[in-house]
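What follows is a pair of complexes built around chain A, which joins chain B in one and chain C in the other.
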Partner chain A sequence: MPDMREAKLKMQLQCPMPSLDTDIVTLGHGSGGLLTNRLLDKGVFQLFQNEALQRREDGAVLNLQGATAFTTDSFVVSPIFFPGGDIGELAVNGTINDLAMCGARPQYLSLSFILEEGLPIADFWKVLVSVKFAAEQAGVAVVTGDTKVVERGKGDQVFINTTGLGTLHPRARLGMPQVRAGDRLLVSGPLATHGMAIMSVREGLTFESAIESDTRPLNEVVWHCLETFGDGVRLLRDPTRGGLATVLNELARDGRLGLEISQDRIPVQESVAAACELLGLDPLYVANEGIFVAVVDERVAEPMVEMLRSRPGSSDAAIIGEVVNEHAGQVVLRSAIGGRRVVQMLAGEQLPRIC
Partner chain B sequence: MPDMREAKLKMQLQCPMPSLDTDIVTLGHGSGGLLTNRLLDKGVFQLFQNEALQRREDGAVLNLQGATAFTTDSFVVSPIFFPGGDIGELAVNGTINDLAMCGARPQYLSLSFILEEGLPIADFWKVLVSVKFAAEQAGVAVVTGDTKVVERGKGDQVFINTTGLGTLHPRARLGMPQVRAGDRLLVSGPLATHGMAIMSVREGLTFESAIESDTRPLNEVVWHCLETFGDGVRLLRDPTRGGLATVLNELARDGRLGLEISQDRIPVQESVAAACELLGLDPLYVANEGIFVAVVDERVAEPMVEMLRSRPGSSDAAIIGEVVNEHAGQVVLRSAIGGRRVVQMLAGEQLPRIC
Partner chain C sequence: MKFLNEYRSPELVKAYLEDIRTHLTRPWTIMEVCGGQTHSLVKNGLLEILPDEITMVHGPGCPVCVTPLHLIDQAVWLAEEEGVILCSFGDMLRVPGSGKSLLEAKAGGADVRVLYSPLEAVKLARQHPGREVVFFAVGFETTAPANALSVIQGRELGLDNYSILTSHVRVPPAMQAVLDDEETTIQGFLGAGHVCAIMGLEEYEPIVRNYQIPVVITGFEPADLLQGISMVVRQLEGGQHILENQYSRAVRYQGNPAARRLIQRVFEVNDREWRGIGTIPGSGYRLRPEYAAFDAEQKFHRPPGRASENPECIAGHVLKGIKKPHQCPQFGKGCTPSNPLGAPMVSSEGACAAYYHFAQTAAELDA
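Presenting the complex of A and B:
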């Protein structure tokens, strides 16, 4: 995504860090008093200018019409800066994408920080600018927020909570009750990219081509799918923590249906597959950020994949399997050589703090 | 509040801790996989039963009508259990009260945890039950959530983010532009109680009568004020971090108005005043949780105070001052012996992690 990277760089240049008379975040920045006010005035309010924020009340007053999706996530990814993104972008895109998975157009975000004392203001600023960048990209307004500071060693640099609101697409009829046998399973892009980007930094691995996180907003492409295929789209999920295997197991369990997927149809980038191999990880269990899983009417599957492939960010979209009447509650993987095995939900934890 | 304490105890007995095959929170509980699912199934979903949660989607779909308030707060209070409450109650009441300050009836909450590896499950459960208790008390539904786990030493037991939604009272006309000279300043109860409850535990102080946090939901009393006095109520704020002095300074600054308050009218419990004295703290700067500041039409001031005094939780309500045309941007305190001094916003930080 060289265009996006360029746009982000441009925004970073347009938003130089203000002087705050200190290089690091102190406990006083969380006091609610003078330092908090300074940080907000020169930092947050300067950066996210909109009417709701400008009123400086305890909350924003919004006019929402009809069915509205509401979703929350706290982000604790480590390291906070990683190839392809940072915790700021991730926090915005993650919540944007949860709204998109509900069939909603993201409109408003709340933004809440837990900062560790001693965090360089420059790092905080970089994260804030990333939040702004991602929010503008997805067309959402940051309308309310909060900042707390904890002592050194009681947090880890930055944690971010984003909570989002968005209006449902009028044609969205998403949900487990819509799913039936014969429906197809799609993924919009290659697996395990985000997880392996984080892991390769943590483990100090270098590959011929660097693995970059696939963090990106999915709202536009999802909106387009709903616009085009309406209730032919039965269900959407983003396979973040726990990976594809976990999301599919949740679907099979909650819907009391069987799922079958084919190993050779599941897209994985070559460098990602190599990294997984090296670290002994199964891409099915590794976290993703910029892709979604869709359950769709079988008649919609081919045209939807074709549409996805024609768009940036989903050129590797693929039909990977289907919903079946057999083995209710189970996910079965057909291997390339014809074997079949049950894929379980992630047990334990391979990759803590991936998002 | 002996009735509330009894009701909470009753709920704790009605919600025994489920068996989770482990006594402590592990990184696996944040994996998104099997352990996360078990924790959610046996813990959160059992406790907070409602339609939106039961659907187990990435977000809740709500039907919101008209002007809606939206507010977020992260809670990092230490210790997580303190006299009069815990972080669970505080996190619910804090966001409830921010909605109330917007003139809204709280309806929906999101609930997001950042847990530290090693946290006793029993403590997590106790916090969850407190969240349930406070939510039921205020009549809000917890409709979506998230749980992350960080390694030992990268967090501090439990951090909670709550984000709330509520519908505005049809007669609410709150905001800085409504405030004018001659308006009166009210507080609904005694100052500094929450802050000193936390401080007395931290410092190991004991007094003749224990100081308990005043954490409580303010939505009902505020709704009643709006119902009765309509646009006679100009502005509401809860003086949490930074205390009354900071909130009044924000009002004076944002409204370019002068404020005058009288020291001898400001209610402070005797034991709280003694604790402040002992620790060298000014009650004007100490955090509150269960009281609000109101700017009201002078004709409304007396009847509103009378009404407040007749209700539990606000029996010490008082008119403490007024809005004046002089010294715009400044808060002036008249002392008991007739002196006048400017009250500044909190500088630095006296009481980190008070909420």
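Presenting the complex of A and C:
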């Protein structure tokens, strides 16, 4: 996504770091006293300018109408900067995408930091600018927040929690009860990109790769799908931790339905497939941050894939399988050479702390 | 992916299957030695599409599975010692020891790190001169050269805080042990391709000659495996027993001489205990006396403790090919990858894990 990279770079240049008293985060920055206020005045409030935040009350007062989606997520990814993104972008996109999967337009976000003493202020600033960038991309306002600092060794650089609110699309009728046999399974892009991007920069692993995380906001493309196909879209999920295999297993189990997928239809980038092969990982279980799985009415499957393919970020969208009456609760994969096998849920952790 | 996709082609698979069917006149029992081959057979659904006359028996070629319990207990003990960084391949972490696994030790505060290369452990030892870095050197002949290299590097760098906990095993003595077992039904072998890429073919000649059994060194992709099976079947049907190389794109007769020299320099052959099987003469490697300073077993003296296997685990029978994983009463019930009773349910090369992850068809599960 060269356009997005360029836009982010531009924002970084437009938001130079203010001069603060120290180069590193100290316990005083989380004390609520003078240092906290300097950090807020010179830093946070300069970046996130909106009415609710500028009032500096104990909480934001919002005006929402109609059915509203509400979700929260915490982010502990290590390392905090990785190819294709950082923890700041991830923290915004992750929560926004959860709202989008509910059929909502993300409107408001809370932003909570737990910082480790000793974190370079420059790194914190970089993360803040990324949050601003991702929030603006998605058209969502950061309306409340918090910063705490823990002693060195009691945290790991930066942990972020975000909570999001957004009202539902009037035509959204999403949920397990809508799913029936004959519905098609779609993915909006190639699998395993985020997990392998993180893996390529982990300690103990030195392989050079150009794999970049796929972290991106999905709210706009999802909104467009709902606008165009309405209740033809039955269910949406973003296959983050545990990957596609885990999401599909949850669907099969909760809906007491069978799912069938074809290996040769599942999109995986060549470099990602090669890295998975090298490390003995199955792309079906590796985390994603910028794609969604959709269960859709058979009749809208083809037009929706066509629409997705014409948009940036989902040019590899594909129909990967369907919902069937047989083998309820099971996901069955047809291998490229014609064999069949059950796809199990991930046992244990394949990769820790990827989001 | 080049050099992989070609060997996953549905057309090629069909052609080799047809070839097997053409030559087949009666039932045959063939063992694939390597756990990587077992996984590929199961993952790609090949066991399902092979003719009924062919019985594939899964061999002991899973290094994690055959690592003896007392060494796992020793690794856990070392990991919990003050100042130790215990490094291991990821597969080893969940293998249950007598008390706990390395993963449980890690959760309890031990410094256990997953690495992909022993050379990363040498790097860690340089970065942390005040701590002891121990690499859990598990594997067949395939991982031995890199482990040997790490010891040579450690010596050249003058490191006195690096050592390896060796659990190296060799394939040919294990094949002989399988054939010497009275209960064996094996009539032909698919040899372990990656092991032979290092060691070459020579040491398999006596097995073929003495036991009059076909051995075909075979790769890991669907077309490799089916071609290997077809070569064994042709030999068996023709009353032949010769050593053949299906995996010629990776394996030369002399193997990899540079890698063999590294093994030779650092290790010597010894008798080894195989978990679930027992001691097999000449089936392992240990560090030569001149590298004793890098031998974790000699460097750290663990107080004697009793290693005890879970009595409900039949891993020994599975590893020798006498029982199939699903014939174990605990399979998928008391023993699953998230709660394993034995190592074959943990390792990415273990037969039980392969069956659990891939082999169950929906119909079997419904029943």
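Note that in this section the second predicted complex is superposed on the first by the 348 of 355 C-alpha atoms of A that agree within 3 Å, B and C clash if a C-alpha of one lies under 4 Å from a C-alpha of the other, contacts with A are read in each partner's own complex, and residues count from 1 in each chain.
FYI, contacts are C-beta pairs under 8 Å (C-beta built on N, C-alpha and C of every residue); 3 or more make two chains touch, one makes a residue touch a chain.
Since we're looking at a predicted model, the values are computed, not measured.
When the two structures are aligned on the shared chain, A:33 is found in touch with chain B, with no touch to chain C.
Of the two partner chains, neither chain B nor chain C is touched by A:16. Contacts of A:330 after superposition: chain C is touched, whereas chain B is not reached.
Of the two partner chains placed by superposition, only chain B is touched by A:57; chain C is not. Residue contacts after overlaying the shared chain place A:277 against chain C, while chain B stays out of touching range.
Between chain B and chain C, it is B that contacts the larger number of residues in chain A. Once chain A of one complex is fitted onto chain A of the other, the partner contacts of A:146 are limited to chain B, with no touch recorded for chain C. Note: residues 344, 347-348 of chain A belong to the chain B contact set and to the chain C contact set alike, using the contact criterion stated above. Of all the residues in chain A, the ones that touch chain C in their complex are 203-206, 258, 270, 273-274, 277, 279-280, 326-327, 330, 332, 335-342, 344, 347-348. Across the complex, chain C meets chain A through its residues 1, 4, 8-10, 13, 42-46, 48-49, 94, 113-116, 120, 222, 336-338, 348, 356-363, 365-366.
Of all the residues in chain B, the ones that touch chain A in their complex are 26-28, 30-37, 55-64, 66-76, 78, 98-99, 101-102, 104, 108, 110-114, 143-146, 148-151, 153-156, 159, 161, 163-165, 168, 174-176, 237-238, 240-242, 246, 250, 254, 285, 287, 344-350, 352-353.
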